[in-house]
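See the structures that follow.
The following pair of complexes shares a single chain, subunit A, combined with subunit B in the former and subunit C in the latter.
Presenting the complex of A and B:
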């Protein structure tokens, strides 16, 4: 940590090129074991976006004569009870899971960040009020919230995503609030006040950026939770409605065939969920190591 | 330690007989990290400790002193690789012992005390139970009752008053000093022959430090133990250690009898360390001379003498590593040993600085007409006062600052001294309006601050700034240095263009002795001293007239501390800054301050020109503080008579009535405990004479007659003359 230490990242920065900085970031990401995860995630996103186009089959096309076919060359993942191609449904299901999961988490994280930062930083009556409200939200499990929203709005992708997002908010708000409370009493905040910075300036320029690392770690772990919750709602029939392919509902549809030997209908989307969840957990852990501002002194 | 009388210690006190070797180690090495990129914490260290002697391991942070001790007791984390050519503890070979055996050796033969007594005691267990547990670990047969009786005996032995009651209290009910005593009692539980003390007094106030050092010395004599004392403080070393081992970058550079080494350092690092220490026993002219640069990191490969890059007398041969060789009683690793005495070195500095450092007797007359840089009147901060809780019961609150008057002339330094909890940091925050004062006024450069709203205050904040103690915590971790320094410029609209901003950032970096290359760094990529320089540069960015320095050099190593002090003095000369320098370190204050204010429990008890206060303190508390600070001069340290205050500072939540100091006052006891001290609170009264010297003591005129024989300054001056 001394001035004479030659840090390759610092050296790259000194060159002052943007490309240099990106390359340095990539190298550092490798140190944190993040690189494999990032490659995996990129592959997953590519499959979700491009897969359906490349495979080219309609995931909803019913072919009753071709029902329950075991995997072979024309149907690598087999077909379901209506003769729909499982690979095509798997690929378009990936889109739904990714889109719904990620947007639910983003929504929850952003709202939670704002609520937590405001209540932690300004404190007082507002803090008390927000906390009681969040405590109330915390009492609802995602599934219960999903059922009530499905009742009110009719089942579908929107209420499912909304339910997951709303029930996620308190978790982010809590984490952010406690982090802000501890940052608020640090000397660098006092130094900013002494310099004459406004409270909003301190909150947005100094405190929120310091909290972002923790939030992004939690958010990437949260994607796993969201995907599972949406799949769970789909499994109960409260999520994405047929015939749209979604991994959770695909598992429901296939579960009665598990015992009769047509394992592929359920197991394939199950693997999909497993892969996405593992990737998002690994991303969270990698980010946690990478974003730790003192992480480089880790021995 | 049984009375509050100043203790007389005779210089010719019989030295304890130095006996058999308790601990001996040869070529100890410790590595961390991967074998491909090892981090060398200790690079080959050999020493021994005999019964009845105190050996001090001295070095700055990262020198490997603590790691060496921990390695010997097998206390390092799993990743560490310890090797040694040979090592014995009480005749047991340390090279071949397993974990279990080592565990038994810890405690049974070697007790250990740590720096932070709060975190080394278990907060949820009673103090007595923790000691009983320590006894039971090593005496399997001991019954519960016998162990408890022994624990009580130990607590009495380490000087815990009312031990019978306190044995059942929890650590949080103990004060810092008492906790350290309890830790010592635990370390003594199994009657070890060797006591390893790792910075045992670093976290304590000076008056408490004096008590703990006395205790360690007494125990060492009574129990005929060997003590391995790990410390960075050469003053502590000169007070208690028989032998001293100086470490630098994982190796021993010099070892020998404390008196010899401190009087006549032969290694340039030892000499530099002594020179860079602000001396309480020298007037302001004896400026500390910093060692340039910073120590090598444990991951660096050091082929030659590790100190060579910073050494003023380095020669070509220093590229080759000098072996640690004996010359008489001394061991030394240097090709070109230093000559002369430490005093010469300091005196040399004195001569150099003599021209510049003749203390400006009074601020220039012109300053009298200009408004003072800081004027504080009857300032009061009460925490938690008013009506509190659901039932709105009135509470008195904690009077952290209670009616303080201060003023600082432009371009001068006021040193604010006090022990922890005296309210000095709160006073600093209240001056900066980071904490809103309950009453009183604060004016900076004639502008009244109290009573203004946040928005009105903002433009005024340009005029006064702060530099904090912990340089790591005071910089936003994710902001590059350029951004740290740009922000204040932009907040106050001090720059108009991008080019101007960048130029100003570089100018600021150069002003504090850092270069342009630091602009792109993150705070954690800098060393502590460099970070503190950035903190100073940030404060300077808005061109203030007043800077509050809140323990700003306390967290730095001595050699780096001297660098930062020199920087602060240069900036004051160049920019005409006024400083409020808050510190617990009396030597640093003596060196930097023109005027000094001493604080005790929220009030100023003595205030006046620095030289007068250090030469002739008029408040018994100031006298006790000055007397408690150890100085790195063995002869003086062992001959001088010391005022030892009993007990800890009272809690500011319930300060004693009358004179707040009366519960610990040695002078009051000398005078036969006059009732007046309890009944009436003394005002901060002018003492007469030309200078504005004030003290809040009813008996300040009678103190001189009772002061210890050898006063801090007179002894030294007599000799220097």
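Presenting the complex of A and C:
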């Protein structure tokens, strides 16, 4: 990069941008709608973590004499075909969904962030190759990847989570890459270079922090997508395996009882998915208004 | 323009190559032995080894891939090891059911999303709040679960929907096959009893698939309607004395709907994936149930074919969209793709 004119204001502007970033997070925290969503999510996490302790029933305890009981005081969500308490299973299912969904998204976000940042920042042949590969991955819906992995590794929580993580990577890489490309040509990067900063320093200390807003928007939406996909795989019998209580497989287990009137086994876990996914979508939408550099202009 | 088409085509081909490679490798690293699966635990080791060589499984992975691709290029999708039926034949038998369902769902969701999106783009904040909340809940609803809820309400409780098994009531003869789409074929045959029965069977699965998509699209319609209304030509139209109705239908909507159409075509692959689950819920005789069974039986060929078909649909649609955008917008034509 020759011919860079040193602009004394650029460094100051770069500092200002940083301040702007902090302000954006702060503003997001002050958004009333977003606060409600955060409270909802906090409640959800609390229920997932504390619920099983407070309710105290064993989600896996079989009691054939108490099979298929309708919801009442001793079993608020009823019991399933083996007489297991649906509320206890619901609560431990919340843990499974939250844990698997969040860890899959974290994995995808970190890998996507690195790939996108490297390919956007260094460009060249590597960039082209990575892009083709990631576009190829993009053609796989998480569900299809989950099926293939379940076939390759045998069904379980690990292939389901891996599938969601792998198919998530291109989304983060894309967001990060396009943002890095636009940041790269900004004055503050030129200023850093002129000041003698190494490329690695610029990338890790200046560019990566700037793309975190976009990544967190994507990640909140990603949790929604992950929870849905994992439940879908569980529903097909290709995800978390019984007897572990997982919402998707609970829905399958109760399916045959729908037409005979025992609706609670299938229908109640679905509400859990609905609530968690809706909250994550709402969080992503709310964060987007504040943190996405393209803001509301994007769909 | 030709340059754009060629570069898009090359990009699409390389995506397809990577997708086929990913699918191939994934399915080959599975620990089980498909030959053993076919012959059962009683078969002798020699029989298994013979079948393995017949299937080509004793070759190295790169060799198998070359064989696979050269078969593919000649239109040979392989044969199901489980049923011994050529994959192409089974696929063409099953695909109309899936397409009929997916297209109906797509049309239904667009029909829902446009009015909802336009209304929530208007001045009434309350409508927008309700539609935003509705969209978030719609996106949060697992489609397979929604299908079960609809079955519970409309079949078990109200008794107005047909039993969730297949495309027609048992005992009803399907119309002679022209397109494979029951709605079209029954109309061509003039058989209204079959038509209404097929429609009744299609209704719940189509609604199940359509609602989450409608939730998503309605927000896009809203956003792009708002964007278009800010543009100068809308002000010009108003200044020329056009009524609000004319401004909306004649000037604003055609432009506002462009991104909606793009996104809904891109979403089609996702819709097909969703139909895997929804087909399982409604016992729909499409490709969804077939793939699920093939996976359990470690039957590679059908799974590979469906993965590849999904990638093909995805790349074709996205390449087409890019080229059509190039036609519509000269700035994209010249830009580096």
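Before moving on, here are some points about what is shown:
As a convention for this text, the second predicted complex is superposed on the first by the 260 of 299 C-alpha atoms of A that agree within 3 Å, B and C clash if a C-alpha of one lies under 4 Å from a C-alpha of the other, contacts with A are read in each partner's own complex, and residues count from 1 in each chain.
Criterion: a residue touches a chain if its C-beta (ideal position, glycine included) is under 8 Å from a C-beta of that chain, and two chains touch if they have at least 3 such contacts.
These numbers come from a predicted model, not from an experiment.
A count of residues in subunit A touched by subunit B and by subunit C gives the higher number to C.
Applying the stated contact rule after C-alpha superposition, one finds that A:197 touches subunit B and leaves subunit C untouched. Contacts of A:210 after superposition on the shared chain: subunit B is touched, whereas subunit C is not. Of the two partner chains, neither subunit B nor subunit C is touched by A:69. Looking at the shared chain after the overlay, A:261 reaches subunit C, while subunit B stays out of its contact range.
Of the two partner chains placed by superposition, A:105 touches none, neither subunit B nor subunit C. When both complexes are overlaid on chain A, the residue A:275 reaches subunit C alone and has no touch with subunit B. Of the two partner chains, subunit B is the only one touched by A:186; subunit C is not. Of the two partner chains placed by the overlay, only subunit C lies in contact with A:232; subunit B stays clear of it. Common to the subunit B-facing and subunit C-facing surfaces of subunit A are residues 296-297, 299. Residues of subunit B touching subunit A in their complex: 32-33, 39, 79, 294-295, 297, 429, 432, 434, 454, 457-462, 464-466, 468-470, 473-479, 487-488, 491-492, 517-518, 520-522, 524-527, 530, 535, 538, 542. Put simply, subunit A touches subunit B in their complex at residues 1-5, 7, 10, 13-14, 16, 186-188, 190-199, 201, 205-206, 209-210, 293-294, 296-297, 299. Only residues 132-133, 135-144, 147-154, 224, 228, 231-232, 235-238, 248, 251, 255, 258-259, 261, 263, 266-267, 269-270, 273-282, 285, 296-297, 299 of subunit A touch subunit C when the two sit together in their complex.
Listed in rising order, the residues of subunit C touching subunit A in the complex are 11, 14-19, 21-23, 26-27, 29-31, 136-137, 139-142, 144-146, 148-149, 151-152, 155-156, 219-220, 223-224, 227, 259, 263, 269-270, 272-274, 276-277, 280-281, 291-292, 295-296, 298, 303, 306-307, 310-311, 314-315.
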